[in-house]
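Letters are used for the chains, namely A, B, C and D, taken in the order the chains are written, and counting of residues starts over at 1 for each.
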Amino acid sequence: MSSTYGECLKLSIFGQSHGAAIGMTLDGIPAGLPVDIAALNAFLARRAPGQGAHTTARKEADVPEFLSGIVNDHTCGAPIAAMIRNENTRSADYNNLMDRPRPGHADYTAQVKYKGFQDVAGGGHFSGRLTAPLCIAGGLCKQWLSTMGISIHAHISVLGGIADEPLYQDWTCNTPMHVCDDFPVLNKSAGERMLQAIADAKADGDSVGGIIECIVTGLPAGWGDPMFGGMESRIASIVYGIPAVKGIDFGTGFTGSYMRGSENNDVYNIVDGTIRTETNNAGGILGGITNGMPLVFTAAIKPTPSIAKAQQSVSLSKMTAQELQVHGRHDPCIVPRAVPVIEAAAAIAIYDAYLASRKDNL
Amino acid sequence: MSSTYGECLKLSIFGQSHGAAIGMTLDGIPAGLPVDIAALNAFLARRAPGQGAHTTARKEADVPEFLSGIVNDHTCGAPIAAMIRNENTRSADYNNLMDRPRPGHADYTAQVKYKGFQDVAGGGHFSGRLTAPLCIAGGLCKQWLSTMGISIHAHISVLGGIADEPLYQDWTCNTPMHVCDDFPVLNKSAGERMLQAIADAKADGDSVGGIIECIVTGLPAGWGDPMFGGMESRIASIVYGIPAVKGIDFGTGFTGSYMRGSENNDVYNIVDGTIRTETNNAGGILGGITNGMPLVFTAAIKPTPSIAKAQQSVSLSKMTAQELQVHGRHDPCIVPRAVPVIEAAAAIAIYDAYLASRKDNL
Amino acid sequence: MSSTYGECLKLSIFGQSHGAAIGMTLDGIPAGLPVDIAALNAFLARRAPGQGAHTTARKEADVPEFLSGIVNDHTCGAPIAAMIRNENTRSADYNNLMDRPRPGHADYTAQVKYKGFQDVAGGGHFSGRLTAPLCIAGGLCKQWLSTMGISIHAHISVLGGIADEPLYQDWTCNTPMHVCDDFPVLNKSAGERMLQAIADAKADGDSVGGIIECIVTGLPAGWGDPMFGGMESRIASIVYGIPAVKGIDFGTGFTGSYMRGSENNDVYNIVDGTIRTETNNAGGILGGITNGMPLVFTAAIKPTPSIAKAQQSVSLSKMTAQELQVHGRHDPCIVPRAVPVIEAAAAIAIYDAYLASRKDNL
Amino acid sequence: MSSTYGECLKLSIFGQSHGAAIGMTLDGIPAGLPVDIAALNAFLARRAPGQGAHTTARKEADVPEFLSGIVNDHTCGAPIAAMIRNENTRSADYNNLMDRPRPGHADYTAQVKYKGFQDVAGGGHFSGRLTAPLCIAGGLCKQWLSTMGISIHAHISVLGGIADEPLYQDWTCNTPMHVCDDFPVLNKSAGERMLQAIADAKADGDSVGGIIECIVTGLPAGWGDPMFGGMESRIASIVYGIPAVKGIDFGTGFTGSYMRGSENNDVYNIVDGTIRTETNNAGGILGGITNGMPLVFTAAIKPTPSIAKAQQSVSLSKMTAQELQVHGRHDPCIVPRAVPVIEAAAAIAIYDAYLASRKDNL
């Protein structure tokens, strides 16, 4: 476990924020799948820092080098390996964190688990930077799903308490998905107020969190397995691998638990000779298995724990309370950059479920 | 995958609602652990049906028979296997479901996936009845965690829109956990209104859902792994294996995503020579690893999809819309019975993380 | 791990020799596969004891009861579970073994690993009796492979130093496979001398071992994976799960390591429009992947460690040397009964590789 | 599966012979373990080509670059990743192999499985070159086992039909293990005749195979698990991941199957207050679990399939027989270079079993 995911595919992620490189191996992918490197790099650019006023100043190209698994722009059956060299690191910023853990970060828990041997610089293996290799794997899976007519789109549903329009009932997916790649919201005015909320938090030396909604269209019915192999388990276990995610629900989710059965049940109908449900409160999943409707989930992102404001911490060596001032470069809000990461995680889980489903079709 | 869970332990659940038996095997458990069968049966009785006005009329003893793995009331190192014979089944109630899928159930998705070969009676392998073997495994893990000073308690947080008092900030856990075993709430008045909400829904031929909050106290810091091996991934992937769960969050979760970093961060302090956080918004988990505070999560349970009211469905053979009247015995609310199931799932995930953590301590 | 096997299917075996029951769950099998219970019972009868002069006197029907996963004689997609009740046990025979371990058995290693909590009666979970549930799973896989034109046959290649005719180069498989179900050899005279060798060993209070050759015909090219997913790894890891197996090789195996490349290489040819090799020294596997020729392996079975002769052991409590006289009922040779077990293990590994191969065919 | 191994540790190997790089990630290793890079490079040099008259002319430094997981010469808890750039490749040598498969290689099976998308140059992912990353992982595990007093030594037991002295009964391990690092045999005269056999085969445009014996000393009793988690299954499944291995047995193995029980059983005795067996026919494993004696196994290596002699093959496009002349640089015997690879595989399997055993010690 730990940094390995998958049933039919095996994703293994490596690297520390300020180590030599970060990267991934992806085993179990069929041979002969096309790979569009330019499209992948465009996808990766969506999570890259340094693009707007709302992100960290650390600039990185984050263009992966592929080490194996791709020949003539197609998968060759061997494991796919890729890495991104770490550059522009400033480890000196983090020197005091081993003794004085940052609130909301993994500094203290890593110290207990690894007994001082962990790589503390930049959060080490716990850094949000590790979502870059997740996006390499997810960007590839997204391409392969796309050739099957399956699309994955996420947007900022809530940021700093400001809500965008919802998607989950819009199963026709006629709504334009993104106002812009860099800050994906459906409602322009909401987006502008969100950007202001980030600017306000930054001015206060503080940060904001948010909620991301993700919708997957074009899925056939019949993918996923009962019990622990259900689509919810598959997606939740990879989405919770993204730092800062603290909640996930599917369809009406938490809201649905306030409804009555007659409201929340999606009744069936025949439309154009096809079975569909009139609503999509189930978020496209029944019994863990896709029902042919869009798969919809939302993920809660906590506010960035690194804030400029002074906070109370403790000295682990002296066992006394100590004020902590976190330096370094940090996003006042990671939600916009987390949007493609959520898409990537969903793509990996769904492509894995697709591979698993191939066993069932005798 | 599918009906198998675990990294260090391997839980495999079998059975269909109206088949010969349901049961489980649990491999990877150390030898020499005590097993209290009477206490386990008392735990299982908490999820048994037929106890109150709010549950189904189907009565079952649900006392497991252990087939292997336990000698002289201790684990012997061999896999533990147990089964519960199915009795009091009425398969005739379900005869028409293969053609006319119930809204909100797995009938249609199972039909697509298994092409008509699935066991349709009582929901087959998708039945909530499969949570009984989950409770056998979880009840055992709960006992073993208890000997280490770790307690797991869940209560009905919301039912039919009525809220109980919250627990997550009460990390001292001085609050009495349960008003009663059969209907666990902290606030008696809230509990009475919840019971009324169930009665009202039943009178309307309808059902209600709810939210369960679970708290784990006594956990040491340092359990869990980074990324996909984090406590959130471990717990979410088993909790989503419980039918009707459509959401899970940890600590402040979805609520926390509306906060600023300075509000949501839990600052550190030294209390009685021990490191603790002043609040517990993280729900006891940072970077996927326990931080020594209580682990807290909530799970959203959708309203029971089986309702007495007529609903619209389709005939799969005729491909036309058809009204459906669901017969059989069903709970107007499964939330109370799901409370021990949530505790069981948490216990399994945490005991597995405990076993995994033993590798780290050189 | 431990008693769990498989990549796409998940086999979990439970039970102790003298516990309540032995059995298995088999998850991950597609729905809709036919199950012929009578044929399965006939297959299980091949490993049942008590059939001839050469086997133990313990008589057991060993007819499994299926608990789940099969409806109307077809798999239903839910995990298949089956058990066999243990009867005719005589635990008193084993009372002294916890202190005085039998040479060649797991008594001592189980004592160290499980610290006295292990089930010592009849060898507990280490008993050869646990091959019965392996044969349930394997017998089913064998049936499903058979519908694809794939046959698995094993015979006694060597017993008590007496050799049967070899099969591995006979890729046409015109040779009649078995003289009889109960004692499968190709050469009748060799079989008679083997039976005499067993009788001689029994008269001496001793035992004999042997070698089993297994051949799988009808396999398509392209199953199996590189490196640790190769057919050799898949088969070896399950065959070594059979008690008493201490060696396995494929094709010319150990003999081939004495050859030159020009002798051992199988050159290609076109026969009837199909690619085949002129010899089959590779045993049907190149790079871990089937090449369309029969898959051939041999497994070395050590002589039964339980012998009537007095042997030197130690008292674990007194830490002194002690003579040991093993009582109870034991086969002077388990090789004949191991033949269907080897077939079962091969069938499970190959069916799992088949399921895995389905991912590759886009 | 495929290129991923391990229960508690997760080894993932990537790369193709003539791709950008080969490498591995190794997850699940505790933090704080020392890493001696110089000693690792010395170990890797033992399998490096180009050292003597008996090996290929391709020269490669094969010094790995570590990308993550090691800080200040200690493991930091994050996955360890390392890679070796491929240099000195001559892909043009392999241009015709896609149409005309080499006998004894994976060319044909890879063509069937990957439908022409496989990387054919140098054998791609099936190349013996992939044993370099296996040796990185294994060399690290060997170091960590060494700090626990566990040593792993292998030697050439048979080469070109010439036998070295055996080790398996020499449980005191007083015999000097290696005549030299580059060509490890116990008997100098046997070694000289083996070198002559290689020279003779080379002169004939042919190749020779052999058998490697491996002995692991210093192991405690109690590691390994029953059934499929036994030491034999764990070791066999990784050793069969090494190209050209076609057989493996433990202790007396195939030879033992010709013995009687009274000969093959290892009787117990007390020596210096410790339980040991008087012989070690079991190769240190009973019931899949170590018994405190040296763990001993032998692996059969087939003769190098690439030979200079012309061989018969087929044209896959024309479906006609075609003569094939294999060009390129190849060892007339890979057995000497496979010796450290066998040690590496054993080290990984044993270190994984060690980590797994830590769960059992409550």
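By definition in this document, contacts are C-beta pairs under 8 Å (C-beta built on N, C-alpha and C of every residue); 3 or more make two chains touch, one makes a residue touch a chain.
Quick caveat: nothing in here was measured; it's all calculated off a predicted structure.
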item	value
If a chain touches chain A and chain D alike, it appears here	B, C
Taking each chain's C-alpha mean as its centre, the one farthest from chain B	D
Rounded Å distance, chain C centre to chain D centre (Cα mean)	26
Mean-CA-position distance for chain C and chain B (Å)	39
Chain A and chain C, separation of their C-alpha mean positions in angstrom	46
In chain B, residues with contacts to at least two other chains	1-4, 13, 28, 31-32, 77-78, 110, 113-114, 125, 226, 360
Complex contacts: residues of chain D adjacent to chain A	1-4, 10, 12-16, 19-23, 25, 27-28, 31-32, 65-69, 71, 74-81, 83, 110, 113-119, 124-125
For the chain B and chain A complex, residues of the former touching the latter	1-5, 7, 13, 101, 103-106, 108-110, 112-114, 125-126, 130, 158, 160-161, 201, 204, 206-211, 221-222, 224-230, 232-234, 236-238, 240-241, 243, 245-254, 256-270, 273, 275, 277-278, 282-283, 286-292, 300-307, 309, 311-314, 316, 319-321, 356-357, 360
Complex contact set, residues of chain D against chain B	8, 28, 30-33, 77-78, 226, 355, 358-362
